[in-house]
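Across the two complexes that follow, chain A remains constant while its partner is chain B and subsequently chain C.
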Partner chain A sequence: MIYEGKKKIWSEYQKDIPDDHYFYARSCIRQMFFTASEQAFLEITRKLMGKDIFETEHHTTCGGIAYHCDAIPQETSMTIIARQFALMKKYGYENFVCSCITSFGLYNETLETWRRFPEVEAKVKEDLWESCHLEFAKPKFLAHTCDLIYKYRERIASMAKYRLVNVKTGRPLRVVEHIGCHYSKMFPSKGFGGAEYPYVLVGMVESWGGEIIDYPERRHCCGFGFRQYFIQSDRGYSLANTYKKFESMEPYEPDMIITNCPGCTYFMDRWQYVIAETQGKTYGGKGHGIPVLTYEEVAGLVLGYDPWDLGLQTHQVGSEPLLDKMGIKYDPAKKYLGVNGKFIGEPEKSPC
Partner chain B sequence: MEKLYDMLLQDCRFTGSLTSCINCGTCTAICPAAEFYDYDPRKIINIVQSKDETEIEKLLKSETIWYCGECLSCTTRCPRNNSPGLVVMALRSLSQRLGYFAESEKGRQQFALNKMLGTNILKYGYCVYPRTFHYDMFPEAGKVWKWQEKHLEDVYARLGANLDGEGPGPLRKIPKEDLDDLKKIFDRTGATAIMDKINKVSKEIADKEGLTEDEYFHKVFTETKKNHLNKK
Partner chain C sequence: MIDFGYTLNPSSRINLDNFDRNKFEKLSKSEPDVLLCIGCGSCTASCTAGKYTDTSLRKAILSILDCNEKAAVDFAASCLLCGKCTLVCPRSINTRNLLLSITKIYGKKQ
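And now, the complex of A and B:
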């Protein structure tokens, strides 16, 4: 049988990005819910890999969530983005890396809009100058932070203290990879491996010893839906879509889920909790949920970081079954402590 | 008044995302919203492509255009390289600009979205921000968020955040000059005008219903009276 042409083309597709010297923009959702993931990214890239990743306090939200909730016009989001790019230039950089997948999609959409509609670009340039007195610039290269971890995956593997392998059975862990829709569904060539066969997380998992699960709803949206989540009465949409994915992956018995989008991590973690709380159903076996981790958290575990330094205690689905499978040593008594061992109480017990 | 279709043509998301749809329905087949809601993006594209002003006006006043989750899965799969999701975004923008959003239950929710997101961006520089994300409004954030919200400073310090602090870092205080830039961008590029329009129209509805602003927010944030779901 001839190897599927489309799959072959995309599986070999690698986008061209440099591996150093980036202006870094944080993500609203990742900072808030997966705070330590951004810190792990900087620790890995700056300290372990010796890369130059520059951050300034002057960058702001890109406005992406408001744009996709249709709360701000496209002109506004494009000008906020032009401001971020202008800061990049002001600080002497020409490569831009962002932590958020919604941002990554919107930066790509904006650059594509400027390419196709030069009159729009000219207007944004004028709006930027009139509002902020900043000089318009476009990045030479645009990357998502997962692209860089993907680039460094073999070096991370060479420094690994743990692997994505069940230490009791010796078998590779079975991993669901979930790619945020806005990574490459709009512009497939902007993601490693395109949209149907994105390789960015698969590459990490394979390099670190795990085995990828293919399941029917693998490419289905996590269900965020922007306004479909932020408005309380619309959240059934969000929950129903996550439920569909979990029902589809359940027969394949995943040990963990890795995602590149902070929104997806949040929804696949939190809706599992809601399903467990309301329906009494869990998907990870023995009354546990399936741990949902960011790629920084997975990289951090592989490198031997303490799970609580990585913030796994702020997930609603407990990560202990995964830590046990990987043979990671951790202190349960320290899970919810504050700085310097300060006792700050504990959350009520999770049903998953 | 200018023709609605001509107004849509002024939005580059519209002109850049629709070139001769063949109505194959691939977008509907892949659409997460079409499975959940009584929603068919293929029909939306068919209506705008017909240039029928009456039907476009109905669409702009309908519940339908608010069902999309903007995942843009349709964009990947469309065999004609159209983007129905971006067309829907252009329709939503026009619906708000003309005040038509107030004709539908889902459209009226824009008041709450503007309030939440506009405040977060202009006051703090973030779209979502921990001090305005409350467990009682987002209970699915879980018991862990309930705990985290109660111990915000301690938990974020443990995780290496710089909550409301000077200088760079996660959840830092965005300097005032940068917030001022955002406000100037909002004023110049139409965000302030749209927010004012939505607030004005929403206040008129709230007044008619005898509700305060907070009561109206609560209503559009929590209530669903119509059945929006896919019955198939």
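And now, the complex of A and C:
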């Protein structure tokens, strides 16, 4: 192997982004289901890393889900996105970071559309001014939140209270990493590692002590796929995708799954319950599922945050087996207590 | 068991290792028209028996290419050989001959 040559090739798969001063846009799905993940991102970046991450209550959805379901045309989503970018400029920022992979893909698609069709850009500029009286702008750098956590991974590792290691056996935890399709399959140059070797989650897991599992359906869709699940009767297609992935990873006995896409976290988590109910099958051993976590949740666990503050109780698959493996102390009595100790409700059936 | 209003869809994975090249070469040699079909479905739309049976040349050819020989024969076996589809085919395929050849080559009695 010619090491220099390999290094040169790998450098082409890197993404150049600044590590500070970002305008932050939240994710619709994550705000609904994994709210604490977004909060953990802000805690880690602002308080621990001391970075300048700005957010405003005036930003909206990117329109991605409606666009991918053909409920709104591309022109509408482009104008919504132009408004987000205009807000970024209004508040004095040049770099844009978003929390959702669907948004990330759509922002890239929009920027690419404007690059290729300047007349479309001119029209959107006009529409933006007419509808919102905001000045059109394009971000200098566009990043996804996982890009930033990836960038800070070694600093997080240096502050770690726990590692992705089984404290009983001393062996690294076996981790399945799942990259959202819209992260780097659409625009490979926009993601760390491109479409062929997406490294963003692998880098985090390796830095924090875990071991990555390479299984046959590693790059298969999680089953989110927008139109596959919007109509109830079609959801069997979505479920079949997830089932195929879990059947493929089962022999490798993963301890956990880490994802960077809101839809992937949601579906790989919830569909395990549906598979357990309809097929009578669980994949994590002893009747449990495999815990599916966002990268902020994993970073938070490594940094020693309380699992219930990270929102792990909002997952369908219980995370306790993973916490026990990592040696993390937690209070089971506080699992369903929210802010100020208020009871937030409990599932009727215990999670798989 | 909970009824979610949907069930796990069966896998539609195609195993190309099951493709019988010899049989397909035999078919395309006797009926080169099989390579002309564009799958437009005109034959199925004009089929007299199609309303009551599963007769479909388009699906029969697709099933052969998807390595599902049994399904191909099922789609071809109920043909009445009336020849209406031959009149509407935009590629002028001799559909009757092709259907017969499919049942001969891929059916049990060869």
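We take it that the second predicted complex is superposed on the first by the 336 of 352 C-alpha atoms of A that agree within 3 Å, B and C clash if a C-alpha of one lies under 4 Å from a C-alpha of the other, contacts with A are read in each partner's own complex, and residues count from 1 in each chain.
Convention: a contact is a pair of C-beta atoms (placed from the backbone, for glycine too) under 8 Å apart; a residue touches a chain by one contact, two chains touch by 3 or more.
A quick note: this is a predicted structure, and the numbers were derived from the prediction, not measured.
Engineer: Considering only the touch criterion stated at the top, classify A:Ile65 as touching first (chain B), second (chain C), both, or neither.
Structural biologist: After superposing on A, A:Ile65 lies in contact with chain B but is clear of chain C.
Engineer: After superposition on the shared chain, which partner residues are touched by A:Gln232: those of chain B (first), chain C (second), both, or neither?
Structural biologist: Both partners, chain B and chain C.
Engineer: In the superposed arrangement, does A:Glu57 touch chain B (first), chain C (second), both or neither?
Structural biologist: Touch partner of A:Glu57: chain B, not chain C.
Engineer: Kindly classify A:Gly345 by the partners it touches after superposition: chain B alone (first), chain C alone (second), both, or neither?
Structural biologist: After superposition on chain A, A:Gly345 lies in contact with chain B alone.
Engineer: Counting only touches as set out at the top, which of chain B and chain C does A:Tyr243 meet: first, second, both, neither?
Structural biologist: In the superposed model, A:Tyr243 contacts chain C only, not chain B.
Engineer: Given the touch rule stated above, what does A:Tyr215 touch, chain B (first), chain C (second), both, or neither?
Structural biologist: In the superposition, A:Tyr215 touches no partner, neither chain B nor chain C.
Engineer: Touch check for A:Ile275: first (chain B), second (chain C), both, or neither?
Structural biologist: second
Engineer: Common interface residues of chain A with chain B and chain C?
Structural biologist: 232-237, 239-240, 244, 274
Engineer: Inside the complex, what are the residues of chain B that reach chain A?
Structural biologist: 11-13, 16, 32-33, 35-37, 66, 69-73, 75-76, 83, 89, 92-93, 96, 106, 109-110, 112-114, 116-118, 120-121, 125-130, 133, 137-138, 140-148, 150-151, 154-161, 166-175, 177-179, 181-182, 184-191, 194-195, 220-224
Engineer: Contact residues on chain A for chain C in the complex?
Structural biologist: Per the touch definition, chain A meets chain C at residues 232-237, 239-240, 243-244, 274-275, 277-279.
Engineer: List the residues on chain C that touch chain A in their complex, please.
Structural biologist: So the residues of chain C touching chain A come out as 1-2, 4-11.
Engineer: Once bound in the complex, which stretches of chain A touch chain B?
Structural biologist: Listed in rising order, the residues of chain A that touch chain B are 26, 28-29, 31-32, 35-36, 38-39, 55-61, 63-66, 68-76, 78-80, 83, 105, 113, 116-117, 120, 127, 130-132, 181-182, 185-186, 188, 195-196, 219-221, 223-228, 230-241, 244, 270-271, 273-274, 308, 311, 313-316, 336-339, 342, 344-350.
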